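Both complexes below contain chain A, partnered by chain B and then by chain C.
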Partner chain A sequence: MIAGSRRAARLRRVGFWALGWVGLGVALLAWQVAAAVDHSPLIPTFTSTLAALWHMLASSFVPSELVPSMIRLVIGFVVSAVIGVVVGLFTGYYRVVRDWTTAVFDFSRSLPTPLLIPVALVLFGLGGTMVVVVIASAAIWPVLINTSNATAALDPTLVDTARCLGLRGPFLLAKVILPAVSPKIFAGLRVAISVSLAVLVVAEILGGSSGIGYFISSAQQSFQITDSYAGVLVLCLLGWIADSVFLFVERRLLVWQRGIVGGGHG
Partner chain B sequence: MVEPILEFRHVGVTLTGRDGSVNEVSSDVSFSLAPREFVSIVGPSGAGKTTLLRTAAGLRRPTVGEVLFKGEPLSDVQNGISVVFQEYNKSLFPWLSIFKNVAMGARRLSSAERAAHVRAALDAVALSGFESRYPWELSGGMQQRAALARALVSDPQVLMLDEPFASVDALTRGLLEDVVGDLWERSSFASLLVTHDVGEAVYLSDRVLVLSARPSRILADVSIDLPRPRSQGSTRQLKRFVELEAQVLDLVHRAGRTVAGESADA
Partner chain C sequence: MVGGVAIAVGVWEVASITNVISSTALASVNATVAAIGAHAGALSSAAGQTLEAWAVGLMVATVAGVLLGTLVGRSRVADALTETLVRMMRPLPSLALIPIAILIAGLGLKMTAGLVAFTSFWPIFINTRYGVDQVESLLIETATTLGMRRVTLVRKVVLPAAAPLIASGFQVAVSLALSVTVAVELVGGTGGIGSYVLAAQQANAVANMYAGIVVGGIVGWMLNTVFAVLFRQLLPWAHRREGSQ
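Now for the complex of A and B:
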């Protein structure tokens, strides 16, 4: 489109971005003031939390809590993404598979995830494997359902075209169906990331022997409230970084999709 | 008589819905397409023109009767048959550049040959210089030319066109008709065009088949004895063109009237 309107759009984007940071600053200031006024040992100030965080980052917290959590998060998320996409493509593309699996999937995904933790504890014991399994089994649903629905709703013309070009079987799925539904897959993956993070913490609190969740709950139990708050801050940062990285990758991979959406409005 | 490249023998197509509803689209359709011949199928709305074309392309099997391609029963999509669909915006792959879209039609060639063929095909439809653009960056007429290039890059024996110009404006439509006409004159493929535009069918074809309303049969087989090469300016002015157009139009109207009031087809 026109360079001028593009620049205006960028300026507007920077404006929103700056406003977001100002909003965050105001919220943190409110925290600081409220904690300073209240003076309760149960609510540390933002600055003392930040100091605790700074201290933690130089301590054994990083190798023994943060790194294990991140590894679990990544493995759990990747496993759920891969299985979710593959199974979703098949259930979406083959009507029979969908008919057979819908009820099973509907039941399984309506299970509250914390319910899985006691079961996973029995099966896998305390520790990392259990956490990964619980993450994967919770985060798989948004990916699987999104992929499956998008595949089922694909325009028949697209599939006919691909078939006429001689694409079939795995080639058809990989070269045409997968890219065609990738915007919906990404939407599912983004939900899966935040689900993964939430489940990570709950699983670590209930049955971890290490990790951020475990750290937060044991700090709280030994009345190191400031450390506990610092752990929460780490989680916020982790979630924000994960989402930002994700959006960055999405924007690169789905350039073509923004073009279509833009073209549709123009 | 020459061996036909494509032959319909008493083809009937019945669609069965998931709810068990049965819809007889075609009852008994027989015709043949000789090598290098240009045949159009016209008929009232809902006569099942597109279903017949999908059957001819091997995308679906006839319920009764058989379709022969080069004398062999056609049971699946075939090398040598290319299809251009009406909805170029759904049949071009939006995540691929124009070059890569066209290259999808030439997957059987080695990569060195492929590049040369793709360039030649794009040149033939006057899209040289747009290789690296995405489909949504081009106008409707250009997109349909890209779809045409993709269909022809594999050097097919039969080119099937399903209402290929229905989604573009009248001026572009005339230009695209000439693109197809010229390509057909210069190459050796036979062409099967499905359209609701009688003038277009007469303008391009050697023969025009008129379908009855659903369940359809071939009502008439009209030979178009207009001189070639044809051009929008001169051919459409010919007395003979006007006569033929009126004759076919009358047949289509009569076919539509036979079921007036009892057909709810769009």
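Now for the complex of A and C:
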């Protein structure tokens, strides 16, 4: 009986999963048909975009555009994650620090991040460093705010009990505080990854000399529209892969939190 | 609160006086404030232009996101059909579409607002879908048993129950939309705060550049605050979800 219902549940899950891919297929087919009917040079068909993508992968696109972008993305994201978590823990744990920083942090995270690109251009010139700095300063906020809020909302009994049992300093942090706030940190990191990807592209369009953003924009300027679309497709896949890896790691690390995290909001 | 702001401003001033960051890259606090005063007209018309594109795009996204989110969230099959598509589109940095959008729609309000709408659609749609799907079936069954018709059910039961999640999706969209607006203005040079800041940078007018950034920050901060307060007033039944960015 139980085995039967479990099998039914699995079948249903597989069915939903399959429907998801059917939905994607329908959308791609709609793109193909619309572009083929419209015949506009500005909207290539899905198949010709795929062909352009295939061509790009065979050329120097991967080493000279994709790899630099990935390196910038990873460095910027890791820097923002580390600083965000450390500062967030600090401001969340100490009320005084939080009170003093709230207004400044509120303002900084409300600032539309693309506005920082001109400043980074002045400070670091064209190129990779500028892109990394912009990514880090944009992606830090969701991590910092989530970590800080979660740490501030920790049950005092939890921390006090651990203290009474003799846990101090780094042990208290590693064994009690971090596990308790990690679901929120993960939620913040997941937002930060998509922020990083978005900012990467604009920064590279405005001031890159290589990278996917640079590629998309220079393809557009030289009227290689199909290549532009193929670049966007690459980003689409990158975002999807990053998001999937994230969900996978989150589920592995936070098994005990299942049901609380991973609800698709934000 | 005020102390923290004072310290931040102090650090900025010290950094510019001591030339830790060269004066070609950092304007002093005084110079920035003076620039805001001197260019108040240009800055406020730039902010107005930014807000216009922001508002039009966000409005379209809200209507489409809530409508489609409700339809999809109420149906199991539609939910499953859109799942993969949403997971591919959501992390797509729509800013990558700027070059293509410029080609298709030209430079102008239509293009900016269109991109803003496309980007802000996702958090609103996803949260509405999720919120509508999460409504307790007991609520719906009770309403149905009491003879409530479908449209009334959605209007009187489903949407109010999903409203807190929709609101938090909308709040994400508010700041996202502003970022996209500014990004398009930077890349396309279509006017507004983004173009103002870039033009100042290209003219080596550092104080003007910082003036534009400060005004952009104030606009963003005001929008976030206004909607946070508004939703707390409008949705007293929503227990605030802390940390939803």
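Operating definition for what follows: the second predicted complex is superposed on the first by the 248 of 266 C-alpha atoms of A that agree within 3 Å, B and C clash if a C-alpha of one lies under 4 Å from a C-alpha of the other, contacts with A are read in each partner's own complex, and residues count from 1 in each chain.
In the analysis below, contacts are C-beta pairs under 8 Å (C-beta built on N, C-alpha and C of every residue); 3 or more make two chains touch, one makes a residue touch a chain.
The model shown is predicted, which means the values in this text are computed figures rather than measured ones.
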After the superposition on A, what does A:176 contact: first (chain B), second (chain C), both or neither? first
Please indicate which partner A:149 is in contact with in the superposed arrangement: first for chain B, second for chain C, both, or neither. second
Can A:164 be said to touch chain B (first), chain C (second), both, or neither? first
Contact-wise, after the overlay, does A:224 reach chain B, chain C, both or neither (first, second, both, neither)? neither
Which one hits more chain A residues, chain B or chain C? C
With both complexes overlaid on chain A, does A:32 touch chain B (first), chain C (second), both or neither? neither
Which of chain B and chain C A:48 touches, first, second, both or neither: neither
Which parts of chain A are in contact with chain B and also with chain C? 263
Contact set on chain A toward chain C in their complex: 15-17, 19-24, 26-27, 42-43, 99-104, 106-119, 121-123, 141-142, 145-146, 149-150, 153, 184, 187-188, 191, 193-194, 197-202, 205-206, 212-213, 216-217, 219-221, 225, 228-229, 231-232, 235-237, 239-240, 242-244, 263-266
Considering the complex alone, what residue numbers of chain B touch chain A? 54, 57, 59, 77, 79, 81-83, 85, 87, 90-91, 93-95, 104-105, 107-108, 134, 136-137, 150
Enumerate the contact residues on chain A facing chain B in the complex. 155, 157-158, 160-161, 163-167, 175-176, 179-180, 182, 256-257, 259-260, 263
Given the complex, residues on chain C that touch chain A span 1-5, 7-8, 21, 24-25, 77, 79-85, 87-100, 102-104, 123, 126-127, 129-130, 165, 168-169, 172, 175, 178-179, 181-183, 186-187, 193-194, 197-198, 200-201, 206, 209, 212-213, 216-217, 220-221, 223-224, 242-245
